[in-house]
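Quick heads-up: structures coming right below.
In the two complexes below, chain A is the common chain; its partner is chain B in one and chain C in the other.
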Partner chain A sequence: MKKASLPGILAAFVIAALAVALPSFAGAYPLQVARNVILYMALAVSWDMLLRSGQISFGIAGLFGFGAYASVLAVLRGGMDPWLSILFAALLSGILSFAIGLAILRLRLMYFSITTLALAEILRIIIHNLHDFSGGPEGVVLEGSIAGGNASALYLLSLAGLAVAIGTSLYFEKSKLHLALTAIRNNETSARSSGVDIFRYLLIAFVASSAIQGMMGGIYVQSYGFATPESVFDANFTLLPLAMALLGGIHSTIGPMLGAILLGLAAEWLKLQIPYGHLVVYGIIIIIVILFMPKGLYGLARGGRKSS
Partner chain B sequence: MEESWSSTCATASKRNKTMATIAGAAAFVALAIWKPTVLIYGTQQAGLYASIAIPMGLVLGIVHIVNLAHGEFMMVAAYAAYSLSMATGMDPLIALIPTAAATSLFGFLVYRLTIRNALKAPELNQLILTFGLGITLSQITNILFTSQTRKLSLDYVSASVTIGELSFGIWSFVFVAAAIAMTVGLKLFLTRTMMGKAAVAVGQNPRGAAIVGIDVDRTYGFIFALALAMVGAVGALFLTKSSIFPGVGGPFTMKSFCLVAMAGVGNIPGILAASLLLGLSEAFLRVFRELRGWADIVFFVLIIAVILGRSLKERKS
Partner chain C sequence: MTTLKTEGLTKRFQGLVAVNDVSFSMAAGEILGIIGPNGAGKTTFIHLVSGIILPTSGRVEFKGQDITWMPAHRRARLGIARTYQLIHPLENLNLIENVMIGGVFARGLSLSAARRRSAELCAALGLEDLERETSRLTILEVKKMEIARALANEPEVLFLDEVMAGLNSDETKHLIGVVKSIAKERGMAVGVVEHVMGVIRELTQRVIVLEAGELIAEGPYEQVSKNPRVIEAYLGGAA
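The block that comes next holds the complex of A and B.
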C-alpha cells in the first residue's frame, strides 16, 4: 500500500484549514456556491466508493431524496431535533440500502444499474403518492432552516457531512476493503476463488455509500427548510456527481473531489451564461471523458507522473 | 442424460408457456367483459411501448449496446417532425418519412463518432457514454426549443368509434399497427435477407461471423441506422398524439429496457407480449380513482421483479 507523502499531508491540512476558516472571510454568495460544491463532492465521493467494486449505481438521487424526506418527516411528524434528524436520515438510508442490497447486489452490470435507477423512481413515486404523510406533490415546509439559517453554520454543517464522506472513503482506500473491492472489479471469479467474501464487501460498500447519500439529503433539506418530490429526487443529484467523478478520475477519493470543484465552479458560471440547458456541458463532458480519457484528470496526472 | 434433462426442461417450459397463454387469454376475456376501456386503452398504450422498445431490442440483440439515449433519440425525432411540419405545413404522417431518414442518418453519425469507439470498452463506459449522449440531446433541445411543451392539433387524432354505449378513440391503434408491422418486418428481414442473416450471425457471435467473412463493423453500423430509422418514424407518430418537451423521451428509455429485459435479449415478439402486460396493468390501475397515482409504479416494480427473477433463474441453471 502506498504511503501518503509528507508534502501531500501538509497540503491536505492547509486545504482543510482553509475550508473550515472560509466563513470568516467569504461573503454569503461564495458560501452558497461552496455549499453546493461540497454537497455534490460528497455525493461524487460516495458514488465512487461503490464504483470501486465495479457496480455502477444510477440511484444516488433516490437515496438522497429518501434521506431528505426521512429527515424532514422525522422533524415534522415525529418532533425530532433537526440535528438528530440528519443522523436519523443516514441511519434509515443505511437500513433501507441493507435490505435492498440483500436482494439486488447479486445483480451485475447493466442489470444492477437499471435496478438502482428503477428503485430511485419507486421511492419518488411512493413519496409523491403518500399525500397525508409526505405532503404529496406539493411537498412539505419546515418551520425554518436549521441553525436559524445562519450562512456560516449551514456551510460548516455541509462541510461536516463532506468530512464524513471523505473520511469513510479514505478509510475504505486504506483498509482491506479496498483490496477486496478492487479484486471484485478486476476479476470476480478469481476474487471468489481466493476466498474473498464478495457479497459481504459489496454490501458494506453499498450501505456506507447509501448512508452518506441519505445524510447529505438530510443536510440539504434541513438547510433549505422544505422538500418536494421533484426537488429532492431531481435526476441532477445522480447526474452531476457522476459527471464530476468521471471528470476528476474514478476509483479514488481525490479524483471525484477534483471533478466536483472544477465542474461545480464551472456550473455556477454557466448558470449565468446559459440559464436554460447549461447541463449540456455535463453531457458533453461525460462523452469526452469516456471516449478520450477514461481515467479522468487525476488518472491522467497519475499516469503522466508514472511514465516520466 | 443431458439430452433427456434438457428435453424435460423443454416440455416443462412448453407446459408453462401454454398455461401462461391460457391464463393470459382468460384474463383478456374477463377484462373485455368487465372493463372494455381498460382493454382498449391498455392495448393502445402497449402498442406505443412496444414500438419504441423494439428498436432498442434490435440494437441490444445485435450490437450488444444498452443505449440509454434511446428515448432521447425518439424525442429528437419528434422535434424534427414538429419543425418540419411547422415550417412546411406538412402533416406529421408525411413528415414521418423524411424524419425517419434524418434520424437514421443522425443516429448513424452519433454511432460512428461515439458509441463505435466504446464497443470494446467495459460495459460501464458504454452505459455512462450513452447516458451522457441522452443528457446532451435533451439539453440541446432545451436550448433550441426551450422547455415549453409543444403540440400539433390534428383532426384525425380525435376520431372515435361508438359501439353500443361504449365510445373510444381509435387513432392510437396506429401504434399497435406500427408495433406489429415492425415485428413482422424485422422477422422477415432477419430470416429472409442476406444482410439480416448476417446480422443475426454477428449478434450471436461477432468473432465467428468475422471469420466467415462478414463485415462486423458495417453490420453494426447498419443495424444501428435501421433501428434509428424506426425510432424516427415512431417519433413522428408520437407527435401526432402527444405533447412534446425535452424530457419526454427519458422515461421511454427505461420502459424500453424493461420490456426488452422481460422478453429476453433477442426475442422481439416477446416484446409485444411484455408491452401488453405493462400497458394493461397500467390501464387497470388507472380505473380506480385512489390508485391512479400508483399506476406509474407498476412498471418499476415489474422491472425489478423481472430482473431479479431472471438472475435467480440463471443461478439455478
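The block that comes next holds the complex of A and C.
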C-alpha cells in the first residue's frame, strides 16, 4: 500500500490517454499487435492477483476458453447480444470458479496448481465432446466479428477489458485485500490469529481473477468471430501470461504489465524473424528470470522490498 | 469473572497424547503463568484454545459460549489473541501493516482507523519508524511487533508464547512492564508461557504446570515451585 507519487499518476494518465488515442494515429497492423499485447497483459495481471495469496494457478487457458465458449454459445444458441455476451462470459466464469473454488481452494502449492491445470483440460475436453451444443472439435463460427470487425472498435474493446483488469488489480493493491492476501501468502497461521478468514479471501481472489480471464475469452472470440477448442484452450494462454508476469515482476500490477509489453513486442518481432522460434526465446527468458532475478524487472527496480 | 475456560481438553496425535484432560480457567485482569518442561504440551494447549488446531475431546468456553469447534479467525474476532513461539513476521508487509492486520480483520476497522490505532500501540511499546520492512527490525523489535499485532485484535484474552526468549534481562524487564500495564489498563486476561522463572515470578499471580500433557499443579508461583511433583517434573525422576 505505497502511496502513488504525483509524477507516477501523471505518467499513468499520459499513457492511458495515448492508449485510448492510439487508433487515431496507428494503422491496422500496430493496432492488431497492440490488441494482442493487451489481451495477454490482462491475463498476466489477473493471474498475479491470485498469486498474491501464494496460490499458483495453471488454469488461465481453462477459464479463458470457458469464457470464450460461454460468449460464443450465448450469442449462437441463446441469441444474446454480442456485447452483453462478454459480460455474460465474465459472470459465468465467476460462478464456475466460485463453485470449483469451494472444492479446490483447500489445496495448496503444487496440489492446487496441478488441479487447476487438470481443470483447464477437463473444460477443453467437455467442449470438445459436446458436439451438438458446442460444435465439437470443428468449433463454431459467428455471423461476424463484433462491431463489424472495425479495427479501432476491436482495439478499444480489448482496452476496456484491460482497464477492468487493471482497475480490479489496483483495488486489490490499495484495499484491505492487499493485507489479507499478503498475510495469507506469508503465513496462514498468523493471518488466522489476526482474524483473517483465509478461505473467504482466497475465494474472492480466485473468482475475480477467473471472471477477468473469462471476460477476456469473450472479448477474444467476439473479436475473431469463431472458436475452436484448440484455439481458445491453447496452453499459450496459460504460459505466456505467466512468463510475462515473472519477467516484469510478480505481486504487483505494474510488473505483469511491463512484462507483457516487453515479451509481447519481442514475440511479435521474433515471429517475423524466426517463426516458432519465439517460443524457444520464451523458455530461455523464464529460465533466466527464475535463476537470476526472481523479483522480476519491477522487483529489481523497486530494490529492497522482498518478494517471496 | 471467568473469561476463558476449558473442560477435559484433550489432543491426541496418533499415539501421542499432547494435551490430556486439562481443565482450567482464566479471569479478566489475571496474568497466568503456563509452565512445564519442554514437550509438556504448553504450545499445543495454546493452539487448542486459540483454534489453530482442534481438540480430540473436551470443551473450550469463552465467556460462557462454547467455542470448541470455532475457527481461529472467528476466535480472534471474539477476543482471543496470541503470539507465536516461532516468530513469523509477515515479511512482505512493513512494520505498521503487520500490526494493522488485527485491527482490520479482527476488529473490522477501516484501513485508516486501524493504522491510527496501530501507531498508538507501537508508540506504547516503543516501536519507531513504522514504515520499515520487517527484515530491518532487531529481534526485540520483532517481538514487540508480535505483541502489538496480537494487541491490535483488542483481545480480552492474550497468550504470549515464550515471547521473552532470546532477549536480555533489561529487554525482558521492559517488556514485562509494558505487558503488565496494558493488561491492567484493559482488564485483559493474559496467559504467559515462559521458561525463565524470574519472568513468571515477576509477572504472574497464578501458574498452572503442565507435564506430559497433564495439568499437575496450580497456584501462586511461590507455592507451586515447592510442589514435589513439579520439582520432579523439572529435574526428572532422579530428584
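Basically, the second predicted complex is superposed on the first by the 301 of 308 C-alpha atoms of A that agree within 3 Å, B and C clash if a C-alpha of one lies under 4 Å from a C-alpha of the other, contacts with A are read in each partner's own complex, and residues count from 1 in each chain.
Convention: a contact is a pair of C-beta atoms (placed from the backbone, for glycine too) under 8 Å apart; a residue touches a chain by one contact, two chains touch by 3 or more.
From a predicted model like this one, the values you see are computed outputs, not experimental measurements.
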Between chain B (first) and chain C (second), which does A:192 come into contact with in this model arrangement: first, second, both, or neither? second
Considering only the touch criterion stated at the top, classify A:251 as touching first (chain B), second (chain C), both, or neither. second
Counting only touches as set out at the top, which of chain B and chain C does A:179 meet: first, second, both, neither? second
First (chain B), second (chain C), both or neither touched by A:156: neither
Touch test for A:291: chain B only (first), chain C only (second), both, or neither? first
Of chain C and chain B, partner touching more chain A residues: B
Note: overlapping chain A surface for chain B and chain C spans none
Report the residues of chain A in contact with chain C in the complex, numbered from low to high. 1, 175-176, 179-180, 182-183, 185-187, 189-198, 251, 304-308
Counting only contacts in the complex, chain A reaches chain B at residues 54, 56, 58, 103-104, 106-107, 109-111, 113-115, 117-119, 121-122, 125-126, 128-129, 239, 242-243, 246, 274, 276-280, 282-287, 290-291, 294
Residue numbers of chain B touching chain A in their complex, please. 66, 114, 117-118, 121, 123-125, 127-129, 131-137, 139-140, 142-143, 146-147, 254, 257-258, 261, 293-294, 296-297, 300-301, 303-304, 307-308, 310-311, 315
Give every residue of chain C touching chain A within the complex, in rising order. 50-52, 71-74, 76-77, 81-82, 84, 88-93, 97, 100-102, 104-107, 111, 133, 135, 149-150, 152-153
